[in-house]
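Think of it as A, B, C and D in the order they're written, each chain with its own count starting at 1.
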Amino acid sequence: MSAQFLYGGAGILLFALGLWSLLVHEALLRKLIAINIAGGGVFHVFIAIAYRGDTAPPDPVPHALVLTGIVVAVSATALVLALHRRLEQAEEPAADAEVLSESASASSAAPPPRTPAERTPGTPHPETPHG
Amino acid sequence: MKRDLALLLGILLALLAALLLWALHATLALEPGPRLAELASARLEQTGVSNPVTAVLLNYRAYDTLLELAVLLAALLGIWSLGPAPAGYQRSGPALAALVDWIVPLAILAGGYMLWVGGHAPGGAFQAGALLGAAGVILRLSGEPSAGLPGEPAQRWLVVLGAGVFALVGGGLLASGFGFLTYPPGQAKWLILLIESAATVAIGVTLTAAYVGGRPGSGTAHNGTGQSRTVQR
Amino acid sequence: MTLIPWLLVAAWVWPLLLAWPVAGQGGSWRASSATDGSVTAAVSSTVPITVPSKAHWRGFLTILGPLPALLAALLLPVGTRLELPWLFLGTALELDPVGQVYLLFTALLWLIASVYSAFSLRTAEHAGRFGALFLLAMAGNLWLIVGQDLFSFYAGFAMMGLASYGLVIHDATPSALRAGKVYLVMALLGEVSLFAALVIIAQQTGSTEPSPDDLTQLTALPIALVLFGLGVKAGLVPLHLWLPLAHPAAPVPASAVLSGTMIKVALLGWLRFLPVGTQALPEWGGLLAAGGLLTLFYALPVGLVQADPKAILAYSSVSKMGLLMLVLGLVLMEPALAPVGVAGIALYAASHALAKGGLFLGVGLRKQAALQPALVQPLVLGGLLFLALALVGAPFTSGAVAKYAVKPVIEAADWPWVAAAVAVSTVGTTLLMGRFLWVSAGTRTHSAPGYLWPGIAWALLIALVALFPFVLGKATSWATNSVAVPLGVVLATLVALAAWRNPDWLKPLIGLIPPGDLIVLSRPVGALVKAFGGWLWRPIGQLAARIAGFAIDRYERVCNEPPGDVERGLRAWSVAGALWIGILALLVVALLSGEPLLDNGEASSDQGGIQADSGRQAEAIANEESSPD
Amino acid sequence: MADLLILPVLVPLLGGLLATALPVRSALVGTLAALATSLSGLSITLLVWLHGDLGTVLGGWGVPLGIGLSADGLSAALLAMASLVALAISIYAGSYFAGSAQARHFWPLWLLLWSALNGVFLAADLFNLYVMLELLGLSAAALGALTGKREAIAANLRYLLVGLLGSLTYLLGVALLYTAYGTLDIGLLGERLGPTPIAATALALMVSGLALKTALFPLHFWLPPAHANAPAPVSAALSALVVKASFYLILRLWTELFAPITDIGAATLLGLLGAGAVLWGSWRALRAQRLKLLAAYSTVAQIGYLFLFFPLLASLPPGTARDDLFAACVLMALTHGFAKAGFFLAAGLVQQKAGHDRISELGGVAQRMPATTFSIALAGSALVGLPPSGSFIGKWVLMRGAFETGQWWWLPVTVLGTLLAAAYVFRVLSRAFGLEPTPLQFVTNARTEIPALLLAFASVALLGLAAGPVWAVLGFGAAPA
């Protein structure tokens, strides 16, 4: 019981910490990591409740739910990263996100994607080239 | 100011965490009610697999797993819709190349093992697919622009393979009177293996393609100027 | 035979159906789709698009619009009823006695106005749009008369009111657009308060088709809302502001129905939704009567100084509505008068609708009918003179009969001076009509082709007005107003003679008060009040500014954003997050502290959904048992 | 028969997979799949109407182990709305994206979104709902960013993160419930659930997470930019359908599963937020410079109306009056679905033909597109709540309920919201009247104009004139007198 509560409680603390970081920090990658931490916290809780004492085998259902949840989290993370990279590629800063671009019939004004080498230094990115 | 807000948020979240901890504590202190665990292990014999987690994933709650494959696909489609993939990386040096030549087949082999072992021990399609995806990532990092993926048409078929086989098996069972994803007695093992194999390939390809990060096809390996961009009418 | 009651449906559905083909007439809407219709089709600018010969016939469909309603009014016996349980949440159509009178004069006036509009507007731009909106307003007007329930009344009322907005601004002149704006704002205010009133009536009486006895349960709020909501439509001073602006701004046939039939529905609504004849409402009745008197006398002098004949007619409508409100108010004070009063109001409304509609159409004819043969314009003026006499209620006219019908109510009033006041108002109305004829006689005509049939229809209307006293009135009623009207005529003649002798005599008065009186006068008054208030309330204003400044400053400090855009502040993650967690916390607190609404036992009988779930449960368990073993 | 419940999820899923695999034929595959999906959804509605509630458990394992699907009146009503609206959007999109490279990205994602939408309406399992919500959120965000413009991407990135946060919070609530009650099935849970602190905490977590996804004021911050910057068919789907999915879930959880623990205080909190949404959303819509932004803020306001029903539902005992309120709430949600989809589709046409959607410069455009202008007028009158639209009846019952329960303070909110709505709709419409010289060009495009027109017409005439069937599908005997 107490070990179970410690593990699940740690999950709840992770959830709260992730939430705090998500809401307070501006940088998108920090937000993304934060939301993954919060998600990890929720998965912790699921793992904790699968425990049914030292003798009985654990409940497989929460385990399966966590597996499903992880895949969902991975998918969402991938999409957020792709959107983020696309946003970085767009040159001009938006004065206001509410302002629609002038013409729907004109072709997209997105500039060609920058090569990785042009990326501003210091921005963490999963595809930072090596070698 | 910003710091005040952060502090306020911190206090609010601390209160929330305290509340949740109390709720969790109170819940755990309760007499554990009837759980699914007993039922799941009681029926394990009939599921066609002996690993309870795999039984939940591919038999009891197979519908969730099917949709999860759809989620993965939706993410990839979203990535593809954002434009062509960026250029790859420069070729790796000879030492790394040699290492890659070892690691990638090993990862694929390990993936195959993971898939097979999932039937009775921890493992399964997702773990296997993740290993395949890792092999693709390593290939891409070592300078292979396509990350070992085939051309666009084949790639498109491969990424829908998992959910496709899954849904077709489900629909076929529905059409033959068993009900959606209700495996007929005795057939479950093979059907699950079929679905898992297809899912493994699809997950591996999807993860790799998501890592490549853009639409496949002609535009993969150059600087991105002459590609067809998304054009709205 | 069973088909006959369906005339009540056809009365308002038929104009709705016609709106579709009529909308397609005119060059502007259809000229292009002749090509493949894929993307665009340009009509060369050299082709005059105002003469779309092919689509002509559609314009004449408007004339067919009011026919079923007219048939229903003439053929159906009073009390014919048709239930439509599937419409809205249950609707009933019925022809009650007052409704029959209303349906008759409404359909007649719409018919004649349709003839006028079909012939006069067919080559104008946007004739299709005008025709469709005209039919929509017609459908709404007829629907609210035959519909007996709150839904039908409100639906018809809103459809009529909003379609009329399009009619008012049809000419798209700056003054029409301004009139339209005033009209729209006031009409929407009226409609929303009427809606609230009807909802409360439904709630308090427990019925969407309340009988007069049900209505005795009403509290003050719905009565006040009904009086306000319909008061806007009726032109109750000071809610009349839109009326003298909108009626002259609209094209002639639209003015005719606006002034003739549409403002009368307010009285119908009051008769239906106030406890007329079942409960004495001395305060509300007194209020309405006083408002009616104010309206009656306020509009006369303001109307006298107008320069536009249509504005004069609009003020005359306001004044006449004041008289009807006075009568209704007296009936509300003394329920015993209800049978006489209600019939009198219906008769008076009919008489005024036909006469006023005829006058508006006559103004149009005066402006546009042919100059040749030479007899035409004098005939038009003669017709106007006759209609004006009918409007003031000269002996042997429809107005006299109508006046006679409401007389018992006025004479029985607790206030003995009311009768005298009404007589004075009759003199005033006579003067107003004299002024109208004077202005009409001086109108410059711009002859246009195509006014033969409108003229014939107008002549028919005059014939109907002329027959009115002899068909509907007793011989004793013919001589009503035999003192007041001649007195007014004499006075008017004296004024006219004086003005003729010395044309500059009255000049300073004309145009002294612009149409829309209060709304125009309110501007300098508003500026004055503002200046005075600014001086008086400066210290308070400073305090308020300081508080606001402090709040903005705090806000700015919290959100680190410019103060202008709250929305942008909300969009910051930390602000939104704090709000979200705050809401979450409040929810938890509320749920934990609150008394659960239902204990478990009751909850399962809650709503059916849970039962459904347990039904599903049973099925699921059965499923489980049959699962492969 | 209940086995067929899977079809509205399965058919678009298969269609989406096929459209992914065959990018060149995606429009054809997509249109055919849309037709089939629509048919399957409508047939489920028909079955529920004729035979009552349907339920099945997938996998043949029975309820606690397997995942249940169920369709009661509420599901059926929303399923029917989604089927019709999404079909119209599909037909419109076929023409809107024709010849564009976006088509091959649109169709698979759109079909996956539709599959998730139907899945939410039919699911009877709390965790399955989480997966469905994620599929819905991911595909919606990807579709919203389809234009590739910076504003669209920024807005949808935020939308995606907000959606993730919302569903994560929801999932934590599910975890608490599973800990306490050991099942994920809504039906079983309903039998076991009692007024315990754990259930209250779980409800608060789930509802606040879903409220974030529903854009309930003041959590609507992500909606206007995301909905206003998406391609027109996507805007229509997001505003008309996607937001309704999470609202549907709140309604179901609040009034069914958690009925034993909800109380008037918490319901009043939701009502107050709804009132804020009505006033603030309408006000912002009135101030909006662009047509699509106006429509997006109007969605915020219309969502607010739906939450005004909660305190009224909470203070009425089970009975006809409460049924009427519930049905009126659903009717308003359905009407908004049709009207807003029609409005966005028409606005998209205006934007496409005019090259912009600045309201102040729309005069000539509106004249040149009579059918589209008419669609905007019809949809607008449904948004205002003019008779005979469905929201007219909705507001009628809402206001009557406010009086019946003595909570008269919702009345001025409704009245003020209606006036503001009339103001913003007429602000657009007054541009259509004769200010400009008669234009020389007329734009007609039946394939895109007719879906918008039909949707707008349905919101006004179909749902308002014949509201009775909504009551019948929901299983309430008769419409209110």
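Here, contacts are C-beta pairs under 8 Å (C-beta built on N, C-alpha and C of every residue); 3 or more make two chains touch, one makes a residue touch a chain.
Computed from a predicted structure; not experimentally measured.
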Geometric centre: closest chain by C-alpha means: D
Average the CA atoms of each chain to get its centre, and name the chain whose centre is farthest from that of subunit A. C
Subunit B to subunit C: how many Å between their CA centres? 65
Rounded Å distance, subunit A centre to subunit C centre (Cα mean): 59
Centroid spacing, where centroids are CA-atom means, of subunit A and subunit B in whole angstrom: 16
Please work out the Cα centroid separation of subunit B and subunit D, and write it as a whole number of Å. 30
Overlap residues in subunit A, where contacts from two or more other chains coincide: 15, 19, 22-24, 31, 45, 49, 61, 65, 68, 72, 75-76, 79, 83, 86, 97, 104-105, 108, 110
The positions of subunit C in contact with two or more other chains are 571, 574, 576-578, 581, 584, 588, 628
Give me the residue numbers in subunit B that touch at least two other chains, ranges are fine. 5-6, 9, 13, 16, 19-20, 24, 28, 32, 35-36, 40, 60-61, 64, 68, 71, 74-75, 78, 82-83, 182-183, 229-233
Testing understanding: with touching defined as stated, what is the shape of the graph linking the protein chains, line, ring, star, complete or other? complete
Using the touch definition up top, name the residues of subunit C that touch subunit D in the complex. 28-29, 31-33, 37-45, 49, 85-90, 125-126, 151, 154-155, 158-159, 162, 165-166, 169-172, 177, 180-181, 184, 188-189, 192-193, 195-196, 199-200, 202-204, 206-208, 567, 570-571, 576, 579-580, 583-584, 586-588, 590-600, 602-603, 605-610, 612-617, 619-621, 623-625, 627-628
In the complex, the residues of subunit D that touch subunit B are 3, 6, 10, 13-14, 16-18, 20-23, 56, 58-61, 64-67, 96-102, 105, 108-109, 112, 115-116, 119, 127-128, 131-132, 134-135, 138-139, 141-142, 145-148, 153, 172, 176, 179-183, 192, 197-198, 201-202, 231, 352
So in the complex, the part of subunit A that touches subunit D is made up of which residues? 15, 19, 22, 28, 31-32, 35, 38-39, 42, 45-46, 49, 61-62, 65, 68-69, 72, 75-76, 79-80, 83-84, 86-87, 90, 92, 94, 97-106, 108-110
Any idea which subunit D residues touch subunit A in the complex? 127, 130-131, 134, 138, 141-142, 145, 147-151, 153-157, 160-161, 164-165, 168, 171-172, 175-176, 178-179, 184, 224-225, 228-229, 290, 292-293, 348, 351-352, 355-357
Subunit D to subunit C touching residues, read off their complex: 2, 52-53, 55-57, 60-63, 68, 70, 72, 74, 124, 169, 185-188, 190-191, 194-195, 197, 200-201, 203-205, 207-208, 211-212, 218-222, 224, 252, 255-256, 259-266, 268-269, 273, 284, 314, 318, 322-323, 326, 367, 370, 381, 386-388, 392-393, 395-396, 399-400, 403-404, 411, 415, 418-419, 422-423, 426, 430, 433-435, 438-446, 464-468, 475-476, 479-481
